[in-house]
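The following blocks contain the structures, represented as structure tokens.
Two complexes, one shared chain (chain A), two partners (chain B, chain C).
On to the complex of A and B.
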């Protein structure tokens, strides 16, 4: 990976340069927390944010989006919403970059490409920023504390400067035109090593590091634990909507008031919704919270892993805050630890 | 990243309207959410609640590119109402047309029941992994269907019939609720009469006309004699049926991976994106809907 060093004071110039050609989205303060939102000036950006309440996935897969417009009488497609806004998502943590890579696998990978997601992904520049974990972060357990790919620029904080990894020509051109870059010195490299060590030692040690999680999801599949956890679920979908890797959706038709035309839309859906796995005739393959919560965790910690060699959880900790009844992957890890099946460090 | 991006809006090629230069395959796969118009060419009642509907794509390129395997399904689209996954019940050997056997079950299927020949519907697909007919070739096949489960296996039955000499002994065990729920009875009886297939019909609730067997499909199965070494089993029916049918097949020593199960799940996209059809670590719509029993045993929550 190509990398250069940039003075932190040059950051506003970089953001302004991006703003000339793109819509720029970045972490900003709202109330007592942070969210990703469109910015009007570089000063709004809060690069030291701990975690945003929800992830940047909404810019690649909006909560509701139109797939096509139709003529209901003729039963024909009238038009597609075929336009996307070129956008820079600025200040993305490694967990969320790794989450985008997983969404890529789910939505672009395989036999069928999702052209709506792909169009947005192609029109998006991702600028990453290094971070220090908060008490709910466990990205390191899934190897999501580093981003190997999936970003265009990555800013590693090394004190007064950033060590910038550059992986995309267009973003690099803008960076080089806007900022004075220098070659990294030995001092910079040492500062980078130290920053990495600080991050690694800051993870919450109360979150157990359990081996063979995917296997354990199978082995303890019938354990009463899932009943206990599942019966607390309110089916509110908060977990799935804040989760950067949850991508499930519903498709529905919405008619205009005259009933002649309308839109086919997709909206976020979640496997914790009671009707998610119900089929005609009323048979429900996941009838209670037990099966639904277990399936959500199973897909994240086993299903996706056995197919794609990585968890569908990046340990961002958002669901730990969002779920009011304490259902989250950390609780699953604690359960495995209680079962004595761990080799905790 | 797309080049020549600038602030504002960019157009997405894959979402454009079909151009004259597009091939049928590009039309079907470029944006697989897009249904293509097909005309209903015929429609007839099979039972009080089920209709056999024949459809034909309007665009010739799509008609030629839409080639299915027995056991695959499509997404039937009625704009303003919604979409429903429906098995293709005709054999791939019948080209240019698709036949669907549709039970009135809710909004989409209900709306379709009130349509007529000449009306236009939308179709996308074909989707899923069907029956491995190449493996079946040269072997005996035991097909067990319950209720609407006959719809997807009929494409297999028709395919076998069209290539009859390629297959060994073929036995069909088909259970229905009542005699008037039996679909395609005339055709099946005719084939039985011609000794193309062995046929066992059962019903749960007989009426005055019924002189056949009463009870569950596993009863006639238990009496059957077959050589497990060269027999493939096929099962499709209501969720409750699989466990019992598979049990009999296993008792008869048909190997785990010689038993093929056609599953139903809630489906929205049909193409491995929306997540609705997940079973354990698999997607029913792309990894299935046909799984062999060995695969199914390895899928949490499959049966």
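On to the complex of A and C.
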């Protein structure tokens, strides 16, 4: 990977350079937390943010989007790809970059490409930023604590400078035109190594590191644990709303008030919604919290892994905060840890 | 009953619609007029035969769609519902009163005493014969519902179109919190503030929370509401269980689920 060193004082110049030809979204303060939002000036950016409430997924797969429009007067159907805004998502943590890579696998990596997602992904520049984990972060357990690809620039914080990884020509050109870059010195290299050590040692050690999680999901499929966990589910799907990798959706037609025209919309859906697995005739394949919560964890920690060689969970920890009853993958890991302790007796 | 027969009917004629008001503030009927920008378009799709809010005439004998606002609180309104059900191909309940018994349901505890307290011995004949307040769905099968207090005018329009033309839109029973996550508003529980979104049916888009107010549950309990888990969440976040249960009474007083799961 090509890399250069940039003085932190140059950061506003880089952001302003992006703002000339892109909409720039970045972490900003909202209430007591942070969200990704469109910025009007570089000063709004909070690069020291811990975690945003929701992920940058919303810019690639919006909560609700138009798929096509129809007009009964004209007997017309109009294919529709929303005018895609060329956009820079600035200040993305590795968990979220890895989440985008997983969305890529699911939505554009297979035989049938999602043109809506593809159009937005192609028009998006991702600028990553290194971070220090908070108490809910467990990206390291799924190998999502490093971004090997999926970004255009990545800013590694090394004190008063950034070590910048560059993987895209367009973004690199903007960077080089806007900022004075230098070759890394030995001092910079040591600073980078120190930063990686600080980061590595900052993960919450109370979150168990368990081997063979995907297989354990199969092995303990019928354990009473799932009943306990499912009984706590509020059926709100807050977890799926904040999840950077949940990509399930529903499709519906929405009429304008005159009843003659309308549009087909795609909107986020989730396997935790009670009606998600209901089929024609009224049968629900996952009628209770037990089946729904287990299914969600299965897709995150087993199903995607056995098909795509990586967990669908990236350990961002958002659901740990979002779920008011404490349902999250950490609880699943703790369950497996307890099973290990049982065995030792 | 239901949308199917209605659709075949509409091939022959414009659907005849009536709007009936039971025990309520009539605010949801009024809300319909707040879709004023679209009223003419909506009226172009139906044959509006009766609207209780704006007429002193009697109901017509025949109609296809009946829209009922308000809770059932008297023997007479119970009979009205049954008569409507016998005639209408599609019955739609609108507003919290019609869908949950709403605010009128709060009269439930000690109902008899309350009536005497208000009317003394002089209960007017026009009041009718009081019965325990209940939603329309407790009296007759209802085909569709527009929830909240008051209803959103465009929610109503969308539901009316569903009745007229059918719809491929699935109606969700999840609770509200995922909408707050989509809106990226701060959860009230994080600051120890009571909010009924944990158990209230989604659909409104969490608009009160967007305006800085906790959910007061006007859409009613979700059929999948998990009251035990919500009360446990109250404990975790320092919200009183008693306050939570009390707040639920405003729009769910007569919901049998609430009565069954009462917290000791």
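Note that in this section the second predicted complex is superposed on the first by the 332 of 345 C-alpha atoms of A that agree within 3 Å, B and C clash if a C-alpha of one lies under 4 Å from a C-alpha of the other, contacts with A are read in each partner's own complex, and residues count from 1 in each chain.
As a working rule, a contact is a pair of C-beta atoms (placed from the backbone, for glycine too) under 8 Å apart; a residue touches a chain by one contact, two chains touch by 3 or more.
Note that the coordinates shown come from a computational prediction; the quantities given were computed from them, not determined experimentally.
**Q** Taking the superposition on A as described, I'd like to know which of chain B and chain C A:40 touches: first, second, both or neither.
**A** Neither partner.
**Q** Is A:247 touching anything from chain B or chain C once the two structures are fitted on A? First, second, both or neither.
**A** First partner only.
**Q** Does chain A have more residues touched by chain B or by chain C?
**A** It is B that touches the greater number of chain A residues.
**Q** Could you say whether A:237 touches chain B, chain C, both of them, or neither, answering first, second, both or neither?
**A** A:237 sits against chain C, while chain B stays out of touch.
**Q** Once chain A of both complexes is superposed, is A:159 in touch with chain B (first), chain C (second), both, or neither?
**A** Neither partner.
**Q** So in the superposed three-chain picture, is A:259 touching just chain B, just chain C, both, or none of them (first/second/both/neither)?
**A** A:259 sits against chain B and chain C alike.
**Q** So in the superposed three-chain picture, is A:273 touching just chain B, just chain C, both, or none of them (first/second/both/neither)?
**A** Once the two structures are laid over each other on A, A:273 reaches chain C alone.
**Q** Going by the contact definition given at the top, which residues of chain A touch chain B in one complex and chain C in the other?
**A** Of chain A, residues 250-253, 255, 259, 275, 278 contact chain B in one complex and chain C in the other.
**Q** Can you tell me which positions in chain A touch chain C when the two form their complex?
**A** Per the touch definition, chain A meets chain C at residues 30-33, 35, 53-54, 63, 231-238, 240-242, 250-255, 257-259, 268, 270, 272-275, 278, 289, 322, 324-326.
**Q** Within their complex, state which residues of chain C touch chain A.
**A** 35, 38, 41-42, 44-45, 154, 157-158, 161, 164-165, 167-182, 184-187, 189-190, 197-199, 202, 222-226, 228-230, 232-233, 236-237
**Q** Sort out for me which residues of chain B touch chain A in the complex.
**A** Per the touch definition, chain B meets chain A at residues 1-3, 5-12, 14-17, 29-35, 37, 77-83, 105-106, 109, 119-122, 238-239, 264-266, 268-269, 271-276, 278-282, 286, 300-301.
**Q** Contact residues on chain A for chain B in the complex?
**A** 20-23, 67-68, 70-72, 74-77, 80-86, 106-107, 110-116, 118-119, 122-123, 125, 152, 168, 170, 218, 221, 247-253, 255, 259, 262, 264, 266, 269, 271, 275-281, 283, 285-286, 291, 295, 298-299, 302-304, 306-307
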